[in-house]
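Below are two complexes that have chain A in common, paired first with chain B and then with chain C.
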Partner chain A sequence: MAKRLLVVFLMLAVVCALLTGCWDRKEMDDFSIVAALGIDKVEDEGRYEVTIELINPPEVVGGKEAASGRSSTTTIYSAKGDTLVSAIRRISQQTPRETFFPYTQVIIIGEELARSGIEDIFDLLERNQEFRSTPRVLIAKDNTAKNTLSILSPLEKIPAEKLLKTSKVSGESLGETISVKVLEFGRKFTSEGIEPLASGVSIIGQSEDGQSQSNIEQTTPNSLIKSEGVALFKKGKLVRWVDREEARGILYVINKIDRAIVTLDCNQKTKALSISVTDTRTTFRAFKTERTPAIDIHVKQEAEVEEVLCEMDVADRHSILDIEKQLEEKTKQEIEKAIEIAKEENSDVFGFGEAINRERPKAWRDIKKNYEEIFPELEVNIQVDAYVIKTGMRKETYRRE
Partner chain B sequence: MKFDWNPFHKKKQETRSGNSQKELPISDDLSQNIKRLSDEFGDNSEIIIRELNTGMKKDIRVVSIYMDGLVDQTLVNEFILESLKLNHSDFDKNTPKKDVFNELRMNALTLSNVKVINDWDQLVLTILSGSTLVMIDGWNEVLSGETQGWEERAIQEPTSQTVVRGPKDSFTESLKVNVTLIRKRIKNVNLRVETFQIGTVSRTNISIMYMKGIAKDDLIQEVKRRLEKIDTDSIIESGNLEEFIQDHTSTPFPQLVNSERPDAAVGNLLDGRVVILVDGTPFVLIAPATFFQFFQSPEDYYQRADIATLLRLLRFFVFFLSLFAPSIYIALTTYHQEMLPFPLLINLAAQREGVPFPAFVEALIMEVTFEILREAGVRMPRAVGQAVSIVGAIVIGEAAVQAGIISPAMVIVVGITAISSFAVPSFSIAIPARILRFLLMVSAATAGFYGMILLVIMMAAHMNSLRSFGVPYLEPLSPFNLAAQADTFVRLPPKVKQKFTFKRDNTVNTANPLNKEGDSNG
Partner chain C sequence: MVKEKISSGQFFALLNLFVFGTILVVGSGLDAKKDAWIAIFIGIFGGILLFMIYYYLYKLYPDLSLIGYSQKLLGKYIGGFIGLLYIPFLIYAAARDLRDVGGLIGATVLSQTPSLFVSGLMIFSIAYVLYKGMEVLARTAEIFWGLVIILSMLGSLFFFLSGLINIKQVLPVLEFGWEPVIQAVYTQTIMFPFGEMVAFAFLLPYINNRKKVLKTGISGILVSGILITYSTFINLTVLGVDVVTRSQFPLLSAIQGIEIMELIEHLDVIAVLTLVIGVFFKTAVFYYAAIVAMADLFKVEKKEKLIFPTAIVILYTSIIIADNFPAHLDEGKFALITIFPLFAVGFPMLYCLIAFIKEKASKHKHGRTNKNTSV
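Moving on, here comes the complex of A and B:
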């Protein structure tokens, strides 16, 4: 009896396995991998123009599968539609294969769309299970996403990879751009007391030149993609671009500086000292004053002397102290400037509101409604502690007086 | 060797062979006996019946009977024929035959093992086993002298279970030699050997060996019971026997370990297992067997514990690979592409470009091709081996990829699978992997990892239901036995093992024979 039951059970199990009927099965040559998604605003034929960058795997891998460089490593398709999904589906009129989104590396948003508001695009990115939370959000500065995606780039075979890596590397080594994931960006949209920010990419040179293979066959490509600037948002709309030191000031506050290069004065000579900030840790706390809450920012920095263009004894304690003092001052200035800009635009990209909510929930309840009026007036105290921990492999400078 | 005739078995045999006239005792008329023998053996040219006269006056008729080829001619000549020819005291025609018989038995035959036979059935069997019979006219008992001697393969290095470090001898086709190889290693009276004859036609000698006091009595009784129950014409190899005594027939998993290594047999004997030896094959059976036992090589105990442990873990990994590699590849590339790292996905996608078959069909083609090659490799005559392997390598490796029929990644996967299936120390455990691999490929192709997991759950349930001579197949993992973990996935060095104060593995009674505590477990 037990044996018969077992047989029946086994048969059922086998039938269960077979009845699934290969649902969801797709061979790897049934779909095309999407490396990047670009979204632009259009006036005619719908709201959005969606651009996708499809990978042509044999060309990327090379070897004998490649059609000897006859086709490009990626192909750009775009279509328009009232919603993102309708535009994406319309692309299927042009592509022979299904699109496969999990490996989307970057999502590029055209500046025009960014300025007119981008909350709506995040619904799809979070609702659809094919999208991951990891693609980086980039804004095409002064350009459309479509143009930006069309530029072929040297070194990296897939332009989307290039965008991703450039934004990461420059963010890490220069400290003036930031690499933001979709999830983080979307979270800041929906949270109270914080506004999102994203890095920009711009095209150097003529964008028409950058679309052909010949662009990357030159040692000096006609056009290149550059990671540049940080876009501040306010209520889902891009309100201002900040760059260089101003951008760095913002990133200091939100603790996103990994490494940065700061130029300081040396004795009487201005901008003659390169200091590399190797580690920055920022914490800020909200505390309550009589009238409104206020914010205390504490920055702790570690730095190395990288380059000295003047006479200076780096082994001397006093000169090190001087550098530290200058660095503290400089960082403080940058942060102040950044806060000033944010206040001008009334965009709390730092999340001060969130900090107040977290630490003084009662106070936050009172000011939540008119936080827009409070933020420009918010009192912010900045304290910077900088330490020079290394002076490099050389003691004396080349220059002697 | 003593034949422990089993009454149960004998009864069975008698009922089966009703056409022969076995019930009759041996007659005291020599001529009648000889006639009967020639009737039974027919035109068999091998049987040699030598008549001669002995006694003082050469008037006592004596006959010696043996099978040519099964006996050592020198022994027969020197110790039987010679001694019969000698003048034995003062016998003549009138001496009572009983005295003659006893005289021959006690003094004449200068062989160590002389037996008295008074049963016709046994008489025939004794001849067929290579003994020489001596019959005296007028007496109904027969003397048999052990004169077995035939050409045997020498003890050679094991061919299917090799080790780097360890004994280099292996069992041969001779049961006697095999028993000796084990006996040589355990000089203990508790090592017991019991011999059966199984097969109504072949009457193959089968010995079971066990350590009395270490092996559980239940187990020994069970092994004997199962051997007695066997109802077959012949046992040619231990594989035949295995099919008769295993617990479950409808399973791909082997439930008895086979080995051609005496050291492996000895190790298992000392662990309380029963070793079953079959005459005519170098492969002995070891019972009971658990799944994890198949991953142990005798060499584990000859090497340092650290490397032995690592190698054991490697073997489990290798088994996993040989079972799952193609199905994982199929599931990943047809259902779960998003699980692959981005660069790998691009790479695999590039390889698949232009391949005409779905991944499953591709894998199936390659696996079947490999199975064909492997079978050809085993069966083909040595002389053409090289040709087959060259063609095989070219077909599998180069041509299929260059023609664009198979993607290179698939060749890698099949290659890994193939090598893995050979890296498992026991060939018999590689077989379920070989069969289940195809099932897994089907389930991976129908429902991806989900389907594979379904099948794995079924496999686990099935393995849990298996028993080998009453021992759960997944012991000591299920039911869990902490003590036995010291020598399952890892091998702890003996000193550490003792410090761990593990109780002894109670899968089988492994207590030291000198330690009486062991009996309580049995």
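Moving on, here comes the complex of A and C:
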């Protein structure tokens, strides 16, 4: 009996020691959630400047503590270091709380850093168990990540959320930006025959004001964040910004367009017809020619008429056919232009190389080594099928006599 | 001779969890790159062949463990010596799995906790289950098998819903031809996880329905093999071959990417639970096989006496086998082409051969005596 008691006692002692799990406990008031991470290049005091946006919980949730509503919902901290981790740890000199990264939503990279190469920053994002593969990558156009993160914005309490949503919403409704996850960016970066791309964010009306609460107390904020442009990369370096139709052309090819607004001509009036593309499906295949493989792109579009600024009778089948033809032509032109740009920069953001590898592995093995010389010469055929399926609530437009 | 009995359903569950064990985590056949899943799939057939070897011996000596027939076939001393070698092998295998879980949980989830405590908690819970007996382990396996299946179904559902699966990432199939795949099959996927089934050579005598052993064994290997092929395939399509090969815990990385409607995300627990359950049973099987081996060899009546000392040995071994986790993984690759083939294929093949010859000889003799008597 005594022996049995001893065994029970020993086991309890072991279990007590093992089950407490004290090492990894984290109390809510000991850490602060990081909403966004910004990375810039610096010359002095190390390689990188890291900026983090910490959420101030009471200000976000509201309640008694936030009754004043005066203090900002987030706070920006930044520090410099030779490596990202050393810079992040240096931030602890300024914050009373430990930083907590699993809920990071966006990673912003300053343009200067992007231009000089971001090949090294992904190791930490992959290696550290606190980071996930889901944060979106954005590039601060003509600016630093630090400035971009500092701008407070109306509507969304947390600037990171605002950045994320702006980029997402404009991507979905305008079709000129794209939301790229860290995982995807990193994968394209390391794969052969494809280069990464990412969306840009820029600041309109850069002013000191943008960083304070007063910026969002006005109906016309002095500073605003705008989602614009797609950055093309080549070997880890930003090589070119493309915008508007050019950006759309690229996104058409990689099948990342949900909706887009296209302006077409109508009769004699140019740019007088707004067509909303509601669905686009792109597939491309590699096929073999005598010299090198070539690419066949096939785009299928569904669209509806949104706005008519002329006397065109959209209730007429023939004019619908005309619109379809114009849309096909327009899409084709945009894609051609986009491919031309990518070829100029010799950056295969479309993954044509990957497609060749996928479908013509033998041919890829021959051209893999000098793909850089082949890509600018690559033969690409584009075929677009557009279908206008709706014309809105009215048939023909009203008469202006 | 053996009092405890497990049903064939329990054997099936145990075999399944054993195969899932660490493979869902560490991955196997990655030398075949994008075609790792094919290498694993082919490995299944190697696994079935191996199981046939163990089954052949089991059929001849249904009451004996590997130690028992080793002594019968090679004599008390030589057979006993080879049997003796099996004990450190099984303990080493158990310690490797324990190290896997300690290292991975430490690297991915509980970064501050010393891995000794993760491993310690694990091995002592296993020891407790084994102390209660083989039957308890088998019944526990049945319950957790259900849980793992539910988890993997949920996981798959979320992967499909999240749209992360990109089949293009495993294309082109057989980019570098069959050669690397076949190489990965015999250097990696047959041994890991299927070669490790040699541990079951010690447990087969516990199964109560002897007629069903072959059927259950093969279906168990098929089901678990197809599931790990599937999970490797999913990992590759979600993460891409580059990320999978450089991940410590590919399944966790893949699952972290799931985001559905901004609502279903941060599903790490699915991966971690699968890891912990799988490793629990895998370690337990090796551990119990080592206990059976010791008890058989040294004629220990009460197996329970061996359980706690062995737990300490396994825990200690798991700590000293490698200085750090990369060294541990590296050593694992080495063990897969040296130690494991010897114990999982070499000796059983030898026994098979001797048993076969003996059988023939005795039949021949038998036939001759028959003839003699008839004359």
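FYI, the second predicted complex is superposed on the first by the 375 of 401 C-alpha atoms of A that agree within 3 Å, B and C clash if a C-alpha of one lies under 4 Å from a C-alpha of the other, contacts with A are read in each partner's own complex, and residues count from 1 in each chain.
Throughout what follows, a contact is a pair of C-beta atoms (placed from the backbone, for glycine too) under 8 Å apart; a residue touches a chain by one contact, two chains touch by 3 or more.
All of these numbers come straight from a predicted model, not from anything done at the bench.
S.K.: For A:P102, is the partner it touches chain B (first), chain C (second), both, or none of the two (neither)?
M.R.: Both: A:P102 reaches chain B and chain C.
S.K.: Please indicate which partner A:I33 is in contact with in the superposed arrangement: first for chain B, second for chain C, both, or neither.
M.R.: first
S.K.: One more residue to check, A:D24. First (chain B), second (chain C), both or neither?
M.R.: both
S.K.: Quick one: classify A:Y387 as touching chain B (first), chain C (second), both or neither.
M.R.: Touch status of A:Y387: no partner.
S.K.: Quick check on the superposed pair: does A:P361 touch chain B, chain C, both, or neither? Answer first, second, both or neither.
M.R.: After superposition on chain A, A:P361 lies in contact with chain C alone.
S.K.: Which partner does A:S133 reach: the first (chain B), the second (chain C), both, or neither?
M.R.: second
S.K.: Could you say whether A:L183 touches chain B, chain C, both of them, or neither, answering first, second, both or neither?
M.R.: It touches chain C, and chain B stays clear.
S.K.: Taking the superposition as given, does A:L10 touch the first partner, chain B, the second, chain C, both, or neither?
M.R.: first
S.K.: Once the two structures are superposed, pull the chain A residues common to the chain B and chain C interfaces.
M.R.: After superposing on chain A, chain A residues 17-18, 21, 23-24, 102 contact both chain B and chain C.
S.K.: Contact residues on chain B for chain A in the complex?
M.R.: 333-335, 337-338, 342, 345-355, 358-359, 443, 445-448, 450-451, 454-455, 458
S.K.: Can you tell me which positions in chain A touch chain C when the two form their complex?
M.R.: Touch residues, chain A against chain C: 11, 14-15, 17-19, 21, 23-24, 102, 126, 129, 132-134, 181, 183, 186-187, 190-191, 354, 357-359, 361.
S.K.: What residues on chain A touch chain B, complex-wise?
M.R.: 10, 13, 16-18, 20-29, 31, 33, 55, 57-58, 60-61, 63, 65-66, 100, 102-103, 105
S.K.: Under the touch definition given earlier, write down the residues of chain C that touch chain A in their complex.
M.R.: 107-114, 117, 120-121, 124, 128, 168, 171-172, 175, 239-240, 242-243, 246, 253, 256-257, 259, 265-266
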